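Down below are the structures I want you to see.
Both of the next two complexes hold subunit A, though its partner changes from subunit B to subunit C.
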Partner chain A sequence: MTEAVNAAPYGRDRRPFLRRLASASEPYLYSAPALILIVTVMLVPLVIGISYAFRDITLLDPFSGGFIGLDHFRALAKDKTFWQALKNTVYWTGYSVALQFCLGLILALLLDKPFRGRGLAQALCFLPWAVPSFLSGLNWAMLFNPIVGPIPHWLFGLGLMDAPDNLLSSPDHAMWGPIIANVWWGIPFFAITLLAALQSIPRDLYEAAAIDGATPFQRFRSITLPFLAPTIAITVMLRTVWIANFADLIVVMTNGGPADRTQIVASYIFTTAFRRLDFGYASAIAMVLLALLLVYSMLIVLLRQTLLRER
Partner chain B sequence: MRSNKRIVATIAHRAAILCYVAFALFPLFWVLKISVTPNDLLYSEGVRLWPSRAVFDHFDFVIRHSDFPLFFRNSMIVSLSTAVIVTILSSLGGYAMSRFSFRGKFWIVGLMLLTQMFPLVMLIAPIFKILSPLGLTNSLSGLVLVYVAFNVPFATFLMQSFFDGIPKDLEEAAMIDGATRFMAFRQIILPLTLPGMAATLGFVFTAAWSELLFALMLISGVDASTFPVGLLSFVSKFSVDFGQMMAAGVLALIPACLFFFFIQRYLVQGLTAGAVKG
Partner chain C sequence: MASIDIKDVRKAYGSVKILHGVDLTIQDGEFVVLVGPSGCGKSTLLRMIAGLEDISAGEIKIGGKRVNELDPKDRDIAMVFQSYALYPHMTVAGNMSYSLRLRKTAKEKIASAISGAAEKLSLTPLMERRPKALSGGQRQRVAMGRAIVRSPKAFLFDEPLSNLDARLREHMRGEIKKLHQDLGATSIYVTHDQIEAMTLADRIVAMNAGIVQQVGSPLDLYDRPANLFVAGFMGSPAMNMFEGTYRATDGAPRVELGQGVTVALAGPASTADGARVTLGIRPEHVVVGKNEPESIPAQIDLVEPTGFGTILHANAFGSDVKAFSLERGLAARGDTVSVSFPVERIHLFDTTTGSRIG
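Right, the complex of A and B next:
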C-alpha cells in the first residue's frame, strides 16, 4: 500500500515484485555499512559492558567474573565519592555549556556581519577546535602553572589572588581550570553551528523589520531567536551530553584532585577502570550516568518538538 | 550624529573580534614560546612573552633523536584512513537519512543518538576482548576500525544536513530520464556535496588525530603508537620536559590546524544549507 503511494509519482506502480523489494530495501542498503560497523563495534560492546555492571569483573584477577546481581549499585548508593562527583558533574557541565554557548553565540553574531578579513578572523577563532583535547589540557595546565605560565601572575597583578599560586591546586577554585580550558576549546563548536543557522535566516525579514522601525534588540528577539531555537536546543543537548562524558581535560589537568574536588563522574569511571582495574564497578557507574543523560536528552527532544510546532 | 554612532559600533565590533582572536590564539602562542625557550631560561623567564634567546634545539631533538617521526607517520595513516572511510560511509548513510522515509529510520536515528550518550570508557574492556582474538589489538587497522565506528554517527548527521540543502528535484529529474537512483546519487548529488564531504573529512581527521584513550589501551608497542600516546610519555616520566613536549605538541598541531583552517568554511556553508529545512 505505502509502496504504491511512494511509487506513484514515477508512474511505475506495476513494477514486478523484485523491483519493488529492491526499492524498499534501498535506504537500508545505503545505510548498511555504517550500521553494521556501529552495531559490531559499539552496540555489542555496549551490551557486554552493561552486563559487566552485574558482574564482579576485575582485570588481572582470575577469580573474578561471577554474577553478583545489584551489589555494585548498592555500593554505589553509599559511595560518597560518587555523589560528590555527580555534584561536580552538574557544576562542570552547567558552567562549561553555559559559557561556551553564550560566548559562541556572541562570536557567531559578530561573524555574521560582513567585514574585511572576516574569512581569516573566522578561521583563527575556530582554530581551538582543531587542537587535540589532551594537548589543550596540557597547554592550559602550563598556563596555570606559576613557574612556566603567566596566568597566576596576571591574577596576582589584578589583585584577584593573594599570591601567584596554581589555580589547579586550590580546592575551592580548581574546577575553574578545566572549565576555562573547556570553554576555550568548545566555543568554536557553538559558533560554527549557530553561525550556519544565522546565515540561513532570510535577509529580507530583517529589512522588513527595520522598515517597520524595529530596534536591533527587537529584531534579535523576534526574528533571530525563534529561528535559532531548534538549532540551539539540539546543539545544547549534544554538547551537554558530550561534556558530561568528557574526562580528558580533567584527567590531564588535575586527575580529579585536589581531594576529589574536580572529580566528575566520567573521570571517576576512568579512574575506577584504569587505576583500580575494577571494570564491573566502572560499568555500573557508567550505566547510571547513561540513564541520567538519556532522561535529560528526552526532555530536550520534547522541548524541541514543541518549539518546532510553534514555528 | 548617526554616522558617529555607526563608527563607534564598527570599532566595538572589530575590538570584540580582536579579543576573540587573541583568546583563541594566546594558548597556542604559549606552546610555541615554550617550545623555542632553551632549558636554562625556561624557569627564569617563565612569564616573559618571548625568551631573550630562541632556539630550535627541542625540535631538533624531537625530530632526530626520538620516536616521534614514527608516531607522526602512524597518526597520519590512522587519521587519514579513518577520515576517508568515515566520509564514504556517512555519505551513503546520510543520503539514506535525507532522501528516504522508511520504517527503520526512527530506530536508526535513535541508535545513532544513543552512541553519543555514554562514556566510551565503558567500551574499552569489551572491545579489547572482541578485537584481541582477531589480532586487531596492537595494530593500526584495529584502531582505524574503532575510530571509524565512533565517528560515523555524528558524521552521518552532518552529511544528512548537507544533503538536505540540495534540492530533491535534481535527482528526480535524472531518474525520470532513466538513470537509476544510485547513478543519480553518484553523478549529480555527490559532486554538489563535495564541500560538505571536505568538511566531514576535516572534522573526522582532527577527531581521529587527537584520540588518546583507545590509542592508549589498544596499542602497547612503540611501533603502532600514535602521536597523543607519544606526547603523554613526556608527562609520565619523573620530571616533565616542557620544552621537548611542547616542540612535539607544535608538530602535532600543524596537520590538524592546517586541515581545519581550510575546511571550516565548508562546515559553515554546508550546515547553513541544511539548516534552511530545520
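Right, the complex of A and C next:
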C-alpha cells in the first residue's frame, strides 16, 4: 500500500521499470498459488468435462471422440429414462429436504431448551452425520431386507404392509427406502446449523414478548422464524443442491431399480458414465443438472439477500 | 396503576439461595429503586415480579391480587430491559404496537395509543424505522414507548440506562423522572448506580447478598445509613470508615482511633464501653485546615481535582482520610494540615454486626 502512496499522483511515474513491474504484479503473485490450484484441479477438469458433452466419448469404442455438436442433447430430450429420473430427482430431493428440515428444526428447538444431560444428547444426536453415507446405505438396506432386517416385519405387524416384503423392491414405494435413510443421515446437519442460529437469538426478546402477551407459538413466529430465515434459506439451498447430486444411498440401496423407479439424475449420470462407460452422454446430462441447480441457487441467494436486508 | 405487595419472597436455585426473604410494600404511583452491587438479587426480584422467574417461596401481589402462578402477560406489567430487547424485524411503530395487536385491540385505538406515546417521547419522525437504524438513546426511548402504550399497572425497569454513555444517561434519567411525574405510574427500577437511585427514587431499597439492608427516602439512606453496607454503598466519594474502640467512662462518650487520637461523640452510643466500633464520616463533612481543639494532624498524600471540587487524601493516625471540598487550592501534596470531624456528622456502627449504633 505504501508503494501506491509513493507513486507520483500526476505525470510520469519516475520509479525504475522493475520496481513498477514488481508493485503492479504484487496482487497477482499473492493470489497465484490459490488460483493455479483452482485452475488445475477444478476449472480444467470442468472445461474438459463440458467439452465431453459435445463429443462422442465411449470408453470401449476406440474410434469415438469426434465432435458431434448437440446430438447428445437431442437424444436427451427424447430419453424417457432421463425424464423419469428428473421427476424422481424432484421427488427424492423435495421429500428428503422437507423432512430433514422439519425434523432438524424440531430437534434444534428441543436441544435449545436447557435440560439435564443436554451435552450428551447433543453429541448423540449429531452422530449420524459422522457415519459414512455408504455405510449408512448398507445398514438401511439390511434393515429393509425381510430376511435380516426388522422393518418389514414391523410394518406388517402395524398393518401398513400386506406381507413382510422388501420395501426396496416395491415399484411404488422403493424411493422411500433411500429417502428414509437420507433423512436419518441428514437431520443432524439442519439440527446443528439451526441450533447455532437459535442460540444467537437474545433471550431478552423472548422475555419481552412474553410480557407483551405473545403465546409460545406467536413468539416462535415473530421472533424465532425471522431470526432463522436467512440461515434456513442458505441451509435449504445447500442441502437441496447436495441431495440432488447425492447418489450414494440410491446406488448402494437400490442401484436405481426396480425398473429405474428410484433412478435420479445423479445416479443416472453415474450409471451412464461408469456402467455403460458413455462419458459423452453422461456429461451432457450433468450439464443439464448443473444448469437447473444454478438457476435454483440464484433464486435462493436473491431470497436470502431480501431477508437479510429486512433485519 | 396498582400497589405491589411482596411478602417474605425467597429465591433459590437448588441449594444456592439468592433471596433470603424480602418484604416490601410499594404504594400506588410510587417510584421505588432497588439498588445494590452485582449479584445482590435485585434483578432476580424484579424478574420475579415480572413473572420471568419462579417464586421459590413467599407471595407477590399486584393490585391486591396474588400473581405467583400468573404468566407474565397476565400480570399487566411492562418491562424495560437493559438491552432494550426491541424486535429487530419490526419498525418502531411495530415494536410499540405489538402488545396491543396481540390483544386484538381496535386499529384506531392502537393508532392513537402509539401516536400519543411517540409524541411524549419525541419518536414521531422515527416511526417507520427499524431498531438497527436508531441510536442508543432512541432505542431506549422506543423501549419506554413500548412499555407506556399499554398503560399497565406497573413499570419495571432493569438497569435501563447502563448501555448509554454518561451524558445520555444523565439526560434519559431526567426523561424517566419526567415521564413518571406525567403518568404517575407505579414503577420499580433496578440499578447499581447510586446516583440514579438517589435522583429518581421516591424510596430506595438497598440490597446486598439477597437481603434488604435498608428501605427509605434517598436522603434518609444518605444521612442515616442503617448499617456499614449502606453507608459504604451510598455516596461518592465513599464514606470514610475508621475502626476504633468505644469509650464511655466519665460521661464523655468518645472513640479511640489509635496513635493516641480520640474523637468525641455527640451522645452516648448503644453499646458497651470497650466495644469495637466503626466510625464513619462523609468526605464532604471532614473539615480541613482549621486549628480547632479537636483537630488531628494529617499529611496530604494525593490531591484529585474534579473541577466541581477537590478530593484530598490525607494520612492521619495511620489511616487514609478522604476530604471533599468545594474550595480549590486548599492544600498541595506533602502539606501538613489538620483535619477534624464535626460531632453532628459522625456515624457510628458496631464493627462486628455492622449495624448503626449512634
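Definition applied: the second predicted complex is superposed on the first by the 274 of 311 C-alpha atoms of A that agree within 3 Å, B and C clash if a C-alpha of one lies under 4 Å from a C-alpha of the other, contacts with A are read in each partner's own complex, and residues count from 1 in each chain.
Simple rule for what comes next: a contact is a pair of C-beta atoms (placed from the backbone, for glycine too) under 8 Å apart; a residue touches a chain by one contact, two chains touch by 3 or more.
As the structure is a prediction and not an experimental result, all values here were calculated from the model.
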First (subunit B), second (subunit C), both or neither touched by A:218: second
First, second, both or neither for A:91, with subunit B first and subunit C second: neither
Subunit B versus subunit C as contact partner of A:238, first or second or both or neither: first
Contacts of A:44 with subunit B and subunit C, given as first, second, both or neither: first
First (subunit B), second (subunit C), both or neither touched by A:73: neither
Partner contacting more residues of subunit A (subunit B vs subunit C): B
Intersection of subunit A interface sets (partners subunit B, subunit C): 311
Parts of subunit A lying in touch with subunit C, wherever the complex brings them together: 202, 204-205, 207-214, 218, 222-223, 226-227, 310-311
List of subunit C residues in touch with subunit A within their complex: 50-52, 71-73, 77-79, 81-83, 85, 87-90, 98-99, 102-103, 130, 132, 146
Subunit B partner contacts - residues on subunit A that touch it in the complex: 9-10, 24, 26-28, 30-31, 33-35, 37-46, 48-49, 52, 57, 59, 106-107, 110-111, 113, 115, 119, 121-136, 138-140, 142-143, 146-150, 153, 184, 187-188, 192-193, 195-197, 199-200, 230-231, 238, 241-242, 245, 247-248, 252, 266, 269-270, 273-274, 279, 282-283, 286, 289-290, 293-294, 297, 308, 311
Of all residues in subunit B, those that touch subunit A in their complex: 13-14, 16-17, 20-21, 23-25, 27-28, 30-31, 34, 42-43, 46-47, 49, 89-90, 92-93, 95-97, 99-100, 102, 104-105, 108, 111-127, 129-130, 145-146, 148-150, 152-153, 156, 172, 175-176, 181, 206, 209-210, 212-213, 217, 227-228, 231-232, 235, 242, 245-246, 249, 252-253, 256-257, 259-261, 264-265, 267-276, 278
